[in-house]
Amino acid sequence: MSEFNQPISGNDLARFSGPGTYMRLPQATSLEGLDVAVLGVPMDIGTSWRSGTRFGPKQIRAESAMIRPYNMTTGAAPFDHLNIADIGDLAINTFNLPESLRIIEDSYDAILSAGVMPVAMGGDHSITLPILRAIARKHGPVSVIHVDAHADVNDEMFGEKETHGTVFRRAYEEGLLEADKVYQIGLRGTGYGPDDFKEPQGWGFQHFPASELWNRSLHNMGAEIRRDIGARPVYISYDIDSLDPAFAPGTGTPEIGGLTSMQALELIRAFKGLNVVGCDLVEVSPPYDPSGNTALVAANLIYELLCILPGRSSE
Amino acid sequence: MSEFNQPISGNDLARFSGPGTYMRLPQATSLEGLDVAVLGVPMDIGTSWRSGTRFGPKQIRAESAMIRPYNMTTGAAPFDHLNIADIGDLAINTFNLPESLRIIEDSYDAILSAGVMPVAMGGDHSITLPILRAIARKHGPVSVIHVDAHADVNDEMFGEKETHGTVFRRAYEEGLLEADKVYQIGLRGTGYGPDDFKEPQGWGFQHFPASELWNRSLHNMGAEIRRDIGARPVYISYDIDSLDPAFAPGTGTPEIGGLTSMQALELIRAFKGLNVVGCDLVEVSPPYDPSGNTALVAANLIYELLCILPGRSSE
Amino acid sequence: MSEFNQPISGNDLARFSGPGTYMRLPQATSLEGLDVAVLGVPMDIGTSWRSGTRFGPKQIRAESAMIRPYNMTTGAAPFDHLNIADIGDLAINTFNLPESLRIIEDSYDAILSAGVMPVAMGGDHSITLPILRAIARKHGPVSVIHVDAHADVNDEMFGEKETHGTVFRRAYEEGLLEADKVYQIGLRGTGYGPDDFKEPQGWGFQHFPASELWNRSLHNMGAEIRRDIGARPVYISYDIDSLDPAFAPGTGTPEIGGLTSMQALELIRAFKGLNVVGCDLVEVSPPYDPSGNTALVAANLIYELLCILPGRSSE
Amino acid sequence: MSEFNQPISGNDLARFSGPGTYMRLPQATSLEGLDVAVLGVPMDIGTSWRSGTRFGPKQIRAESAMIRPYNMTTGAAPFDHLNIADIGDLAINTFNLPESLRIIEDSYDAILSAGVMPVAMGGDHSITLPILRAIARKHGPVSVIHVDAHADVNDEMFGEKETHGTVFRRAYEEGLLEADKVYQIGLRGTGYGPDDFKEPQGWGFQHFPASELWNRSLHNMGAEIRRDIGARPVYISYDIDSLDPAFAPGTGTPEIGGLTSMQALELIRAFKGLNVVGCDLVEVSPPYDPSGNTALVAANLIYELLCILPGRSSE
Amino acid sequence: MSEFNQPISGNDLARFSGPGTYMRLPQATSLEGLDVAVLGVPMDIGTSWRSGTRFGPKQIRAESAMIRPYNMTTGAAPFDHLNIADIGDLAINTFNLPESLRIIEDSYDAILSAGVMPVAMGGDHSITLPILRAIARKHGPVSVIHVDAHADVNDEMFGEKETHGTVFRRAYEEGLLEADKVYQIGLRGTGYGPDDFKEPQGWGFQHFPASELWNRSLHNMGAEIRRDIGARPVYISYDIDSLDPAFAPGTGTPEIGGLTSMQALELIRAFKGLNVVGCDLVEVSPPYDPSGNTALVAANLIYELLCILPGRSSE
Amino acid sequence: MSEFNQPISGNDLARFSGPGTYMRLPQATSLEGLDVAVLGVPMDIGTSWRSGTRFGPKQIRAESAMIRPYNMTTGAAPFDHLNIADIGDLAINTFNLPESLRIIEDSYDAILSAGVMPVAMGGDHSITLPILRAIARKHGPVSVIHVDAHADVNDEMFGEKETHGTVFRRAYEEGLLEADKVYQIGLRGTGYGPDDFKEPQGWGFQHFPASELWNRSLHNMGAEIRRDIGARPVYISYDIDSLDPAFAPGTGTPEIGGLTSMQALELIRAFKGLNVVGCDLVEVSPPYDPSGNTALVAANLIYELLCILPGRSSE
C-alpha cells in the first residue's frame, strides 16, 4: 500500500497550504507506474451561454484540498489500491476549438496506451467527444453513463458540428458507443420540439428524466443500470449541470429541477463494480460560483468516482 | 402556428445577444392580436425588509434568454397555441405607493378589456391588490392560488393599508375573492400569534403549510386543488419566497424550510386545465441573488405558467 | 407574560432599524431575572480550513431581525414563558486559543451559577469543550446531541489537544458526557480510516450518518432519541455544517450530502420536552456566505431551540 | 474628559464584538447631557435608480467598529471634548415617503430643541429636506456645504415634489438656505440640458464641478469656502456618490469621475473652525457594496465630521 | 432636433424599466436615416486569460440606463446633432473565431457603405482587426488611437494569427494603419523582452506608457495627439483594461498601475474635433465585475465618445 | 541565463493552466542553487479584525499567473540574473501563534544559512517579527522599510506581546533594527492618542504619513530614503493595507486615504540599488477581495520587489 501516492494529510500541512494539485496528490511528470491519471482540460470555447469553465480545473483542485483519503460512508480507500496522480492540464489551444479537440484526442491516446485510466476535470462538455474517440480506439464501442441536464445531441450549433451540445450525436454517428447501453440521466429543461429526445431514444439511448427522479433515492436505479451494463467497458461523463442550481450554481447552462448532491452521491456509489474505463466531470464555471459550492461538489464527485474505479488487475 | 410570436432561437442568435425581453420574444407596442401579455411591474416601495425587487423584471428577463420554446417534460408548446409578447414595464411612480397601485389597476383594466391575459413579473407583492381589483371587475370574485411563505393578511403595516403584507386581507374585504376557493400554499415562519393564520382560515382560506409538504411530491395536492376549483376563473399569485432560500435566495423576506424548485414545478404542472385568468410571479430581488439562481427559477416558473394557460377559445 | 423581554415588533420599528441584538431583544447587562441568555462567542482561531467564524455572532444577529415571536408551525411562544435577553459577546482573546477557552469556561460558570440557561452563537466548534466543562461541573455528565458533519473526535491537530476537531474526544476523556447518550447526527465526508468513527462508537456514541437520513423526515428519529434520553440533562451542540452547503454554504469545513433546512427544523422540533441545559449553534462563517442564507438558517435554528427550552420551573 | 461617552476600545473587547452602534459608542435613550447625537435614518423610498440605502445606517455602524478615538493626522480628539452618543434610528414609515419626511422633521425639532447637534447617517438624500426645515426653524436660513455628484435641484420627479433629486430646490424655495452661501461640490455626470446647473447658479449657489478638482488637493478650496462662510451657521450634507465609484461603489446613482477618498478627507479637514450646526452622510447602499468599502469610507467621513464639530460653548 | 432618436427620459419611465438598449435608445432594425449605430459584438473566444466578455454588451447597456442626454461638463448634446440608434448585436459564431471575425468584417462593410458611423461595444479585442479591415477599405489607412494596457502586437498566440493579442501587428502588416499616426496609450505591465515594444515603435507607433501619465491631467497630451493627427480619419479603440483595476476590475487581463476614470474622461474630451470614423470599447467582462463599476465606466466612456463624434456633414 | 528557473510562458501553456506556484515558477524541494526563495506563510491567527489571510499565499499565486518575466517599464529581467523558485509554504501550526512564530524563525534560519534571499507572501503581519529575528541573527541590526497604514508598535494586544500590531516595538526592543534607519510609510487612520506615533519617532523611526503623500509621485521620496540607507542591509516589509482600499480592498484592517497602486510601484522602483536582504508582502485576505484586485496588486508588487533585488555577487 505504502508504495502508492497519497494526498498530503491535513495533519502534516494545513489544508490552505501545499500544492494546487487534486487532493494535494503528487503531480506526476510521467505516466510510468500510474493506475489513474487525474487531469484538467481547461476550456470554455465550446460553450453557448456562459463561459468560465476554463478555470474549472483550477477551482476543483482548490476545493479538493479538504478531502481526506478514506470514504467514511462506503469504506472505499482508493489510495490504498490504486496509484493515482494529478498529471496537470492538457495544453489546449484556447483560440481554436477543433485544434483543441485534436490535442485532447492525441493526449488520451498516449494516456490509454500507457495503460493509465484517465479521469478528466473539465472544461466544457465538448471535451468528451475526442475522449470517446480515443476510448473507442482502445476499447471498442463502450457503454456510456451520461449524467446531464441536456442530452447534447444537437446536430450542429451555428453550423459547427463539434461543440458542447453535439457530443453524443457525433459519438453515436461515429460508432463510439454501444447505443443501447447509453444512459442519459437527469434530462430536463426546454427544447425545440419533441424530437429533441425522441431521436436519441430511437438510437437506443435510455433516458432518465430528472422529473421522474425527484424525491427519490437513486440507489436502486443505479443498481439496475449497473446490472444492465454488466461487464462491458463503460465511460462515465458527469456534467455538473445535472445537479440543481441550488446545489451547483456555477455552471454554464443551469436548468432548474435537477438532481440533489445526495442523489449524485447515491448514483455514483451504485456504480461500484462496473468496468469503468474512464470518466469526466465537466462544466464547472467558477465565475458563476460565488459560494464555491459547485467546485466543492465537483471535487467530491470526482473523489467518489475514484472510489468506484476497478482495482489493479492483480488485485 | 407560424403566425404567432416566437422566441429568438439560440441557433439563430447567441443567447447572450438579442433583446432584453422575456425569452427574447418580440416587444409588443400594442395589445392587438395578443393572447397573453408578459409585463413587468418594477417596484419595491411596498417592501418591509430588504428592497431591490424594482430590478426583478430586468433580471428575470435576462435569465429567461436560455429557455427554449418546447417543454421537454410536459410536452407543452405554448408558442404554438398562444400569441404571446412582452409588453414591457408599467410606468409606475417609484416615489408613491398608492399612485403606483392606481397605475397598475388602470393598466390592468386596459389589458383585460383588450381580452389579453396578463402575466406579471414583480416587483413586490403589493402589486397583486390592484391586479385583483381589475381582475374582479372583469371576472367577478375569483379563486386564488397563492403560493407564498407568508399569508399577507396583515391589517396594516406602519398604519398603511396597502403594502406587500396586507394584500389578501384587503382583497377579501373588498370581495375580490371567492374566499373558500383561496389556497395559500407554502406558509411558514414566525408570526405575532396564532390568530395570524386563524382569521383567514375563518374566512374560508385553505392553508397548506410548508412543513406538511416537506419531502413530498406536490402532484397530488395540486390535482386536488384543481378539482376543487373546477371551472371557476382562478388567479395564480406566486411569491418566489415560497421557495426555500437554498433555491431562491434573492428575495426580500426569505424564510427557511420552504418549497424546493422541484415542488414548485410539480405544483404548477398539476394546475394544467384550470381556467386561469391571470398570474404573477413576485418578490425577486436581484441585489440579494449573487448566483442569479432566483431569477433563473422565476423565469422558468413563468414559463411553466405559460405552459398551463388555457388555449385560444377557438382551440 | 408582559413582564418578560420581548423582541421589538416589526410594526413598531422597521426591521432594518434597531439594535443589533438577537431578534432585537433587549441587551442585558446583568443576569438578574433572566431565564435564558443568548450570547456570542466570536472566535475562529480553532479552525483548520477557512476562518471567518469570528463574525458569526454579528451576522446571525443581523439576520435574526426578521424573526417574529410566535412559531406558526409549532405554536411555541418562547417569549411568553421565558425571560430571554441577549447578553452580548464573551470577551475572548483572539490571539490565544487556550486563554479564550478558559475565558469561556469561566463565563459559563458565572452564567450557570446564576441559574441562567446559556444559548451560544459561535464561533468555531472549539468553544463547546469549555462549555461542556462548565455544564458538567453544574449538572454532572450530560447527554449530548451533536449535529455535525464531523465527529470532532481527533486526538490532536498539529499537536494541539484543544481545537474545533477534538472537542468530543476531550469531553469523553474528561467524563463530561454520558457516553452512551451521545448522539452524533449528520456525519459524513471523508476521513483517515475506519477507526475515525469506530472508536467513538466503542465509547458508546451513537452515530446517525447523513447518508442514512437522505430523503427522509427526521421526526421519528428525533422522537426516538428524545425517548432514549428521557429526563437526563442534555446539551445540544449544533454545527451549521451538518446542513448541506446548498442550504448553509457559509461555514469553514463544508461537506456535501448534508441535512436540509427542513430536516434541521424537524429534528429540533422533535426534541421538544427534553431537559435541555444549554445549547450552541456554531461554525457560521459570514465571509463565505454571499447570499446571507447561512446566518439566516442559523438565526432560525436558534429560535427553534428557544422554542423547545423547558419552561420556568414554576410553570 | 472622563465624564464623556467613549467608544469601546479594541483592547478591551475584540472589534468583531460589541454593540452595533456607531464606533461602539453607548446607545443613548435620552438626549440629556449629549452634545452630539449620531442617528440613522434608514430609508430608500426616495431613490430613483438602485435602492438599498435603508440598510445604510446598519452597515456604516458595522464598519465603524474599527475606528479609534484619536485622529492621528489632525490631532483631533472628539470624544475628549464632546459628549457623543448613538441615539439609534428614526422610526420612519417605510411605505410612505411624505409621512417619513414629517417624522424626520419632528424628530429633528426635538433633537435641536434639546440643544443637541444631529449627525445623520442616511438613508437616501430625501432626508435632508425635512432636516433643513428643522435646522432653519432653529437657526434661520443657513449656509450649506453640499458635496454630491448631483445638484438635486429637480423641480419634480414623476410628479413628486419631495424626493432625493429635488431637495435643494425645495430648500431654496422655502427660504431654508442662504442661497449665496450654498456650495455644491463634486457635480458631474449628465443632465437634461444646460439649465440643470444654470438655474441654481442664478439663485446664488456656487458650483465646484468634479472635473475642475481632479488631480488636486482640495485643502485650499476648502479653506476658501470656510473663509467665505465665516461665522454663519452651516449645514454639511455629504452624499457618498460625490466620491468616484472606485472609492465608493455602494450607492444608488453612481457617476464616474468623482472625488477620491483623499480629497474627501482634505475637504472635511479644511472645514475645521466652521460653525457647523448639523451634518449628514447619505446614499450608502450596502447591497451594491461587495467589498464593504463604501460603508467604511462613510464611517470614516462621519468620524472626520465629528472631528471638526465646534466644541462645547464653555470650551 | 426633434426628428432624432432620443433616450427615454428618466422622468417618463423609471430607469430600472424600459428596453435593454444602450441608453434606452430606440433599437433600429434598419440603418436608414442613422448617423451613428451603437452595436454589440458579444464575444470572448479571442481571450487568453479570463473569459466573460461575451456578456459585455448586455451589461454596458444595463448600466447605461442612468445616463442622461446632456453632458454637464463639456456642454455636448449628441442627440441634438446626430441620429443615433442601438442596432443590436452582430450574430457572431461563438464556436469559431475566424468565422466570427469574417462576420464582423462583413457587417462593418454594410454599416459603412450605408454611411453610418459604427460604435462597437465588445467583446474581446480581437474584434478590432476585422473592423479595421472594413474601415480601411472605406477610408484607406487610418490613424488609430489605441488606449490599452497592452500593445497587442504579438505575432501569434498558440500558433493563431488572429486573437486579442495580435490585432495591431496584423493591422500594420495589412496596411490598415498610417503607422506613424498610431498612438498607444496606457501601456504597462510585463512582457517577454524589450522587443515587445521596440518593434512597433520601429514601425512608427507612438507609445505613451502609463507610468509616464500617473498623477497628471491628460488634457494636454490629448490635445497634442489631436494636433498631430489633424484632419486624418482616425479610429479610436478603447480597451477598458487601459484603466487601473481599481476603476475597472471587470476585464480579462487586468494590469495594475493604469489610468484613472478621470484621465479616461480627459483623454476622450481632448479628442473633440478629430475626424473620427469609428470607435470601439472592448474587454468588459461582467463576471469579474462584482460592483458593476466596469460596465458603468464603459457606458460613460461610450457616451463621451458619442459627444466628440463629428456632426452631420450638413452641420 | 538559461540555467536559471523561468516562469512557464503563456505561449507554451494557457495561463489558466499549470502549477499553482508563484508566476508558475518551478517548485523547489531544495534550496540548493537558489538565489531567491519565494515562500508562503499562510496564517491569520495574529489578526485583530477580519481574518482570512491564511488564504493569501494561494490567491497571490493564482493571480501571479498573468505576469510575464520582463518589466516593460524598468527594463528589469529578474529571471535572467537570479535563480528564483517557489519553495512552497511554511508548515505553521494554525492553532498556536507562538509556536507558528517559532517555526517561521527556524525556517528562516535555514533559508538564510543556505545563502538564499527570502521573499515571503503572508499571512498576517505577525510573521515579520520572527523573520526579523532570523535576519538580524544573520545580518545584524538592519534598516527596515515598512510600508503600512499602521505603525504596528503596540506594546500588547489582549495581553499578548506578539501579534500583528506589536511587531516593530518588539523588533526595536530586541535590537533587530537600526532604529534611525526605519522608515514607516503610508501611516494614517485613527489611534488611541498622540503617543501612538510619538514614541516610535523617539526611537528614531522616520514617519511618512499617507496624508503627506497624496497626489504626489513617490519617486523622489523613495530616492531620498535610498540615499539615506546607503549600503546598509535593508529589509522591506510591505503591508498591502498601505494601499487605499479602492486599490486593495481585500485586507484585514483597511484604512481609507492610502497609497495608490501607482505610488506603490513608484516606491519600490525607487529602491533599486538597495542592499535588500529580504522582503515580505503581507495581509492579503482573499475572502474580502471580491474582484481579486488585491491579490493581483500583491502579485505584481512582489514581482517589482524581485526586480530590485541585488544580483548575484559574481555579477
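Letters are used for the chains, namely A, B, C, D, E and F, taken in the order the chains are written, and counting of residues starts over at 1 for each.
Going forward, contacts are C-beta pairs under 8 Å (C-beta built on N, C-alpha and C of every residue); 3 or more make two chains touch, one makes a residue touch a chain.
If you're wondering where the values come from, they're calculated on a predicted model, not measured in any experiment.
Two copies of one chain, chain A and chain E, touch each other, and the residues they use overlap strongly: the shared fraction of interface numbers exceeds half. Rounded to whole angstrom units, the spacing between the C-alpha centres of chain A and chain B is 38. Averaged Cα coordinates give chain A a centre that lies 41 Å from the centre of chain F. Contact of a single residue of chain B with at least two other chains is seen at positions 14, 16, 48, 50, 54-55, 94, 157-158, 215, 246, 288, 290-291. Screening every pair of chains for touch gives A-B, A-C, A-E, A-F, B-C, B-D, B-E, C-D, C-F, D-E, D-F, E-F. Looking at the complex, you find that chain A touches chain E at residues 44-48, 50-52, 54-55, 93-97, 99, 157-160, 163, 287-288. Looking at the complex, you find that chain E touches chain D at residues 9-11, 14-16, 65-73, 75, 77, 215-217, 246-247, 260-262, 265-266, 290-293, 296-297, 300, 303. Contact residues on chain E toward chain F in their complex (touch as defined above): 48-50, 157-158, 187-194, 196-197, 209, 211, 214-215, 244-246, 249-250, 253-257, 288-291. Interface residues of chain F, counted against chain A in their complex, comprise 12-14, 16-21, 27, 40, 42, 54-55, 57-58, 61-62, 88-89, 91-92, 94.
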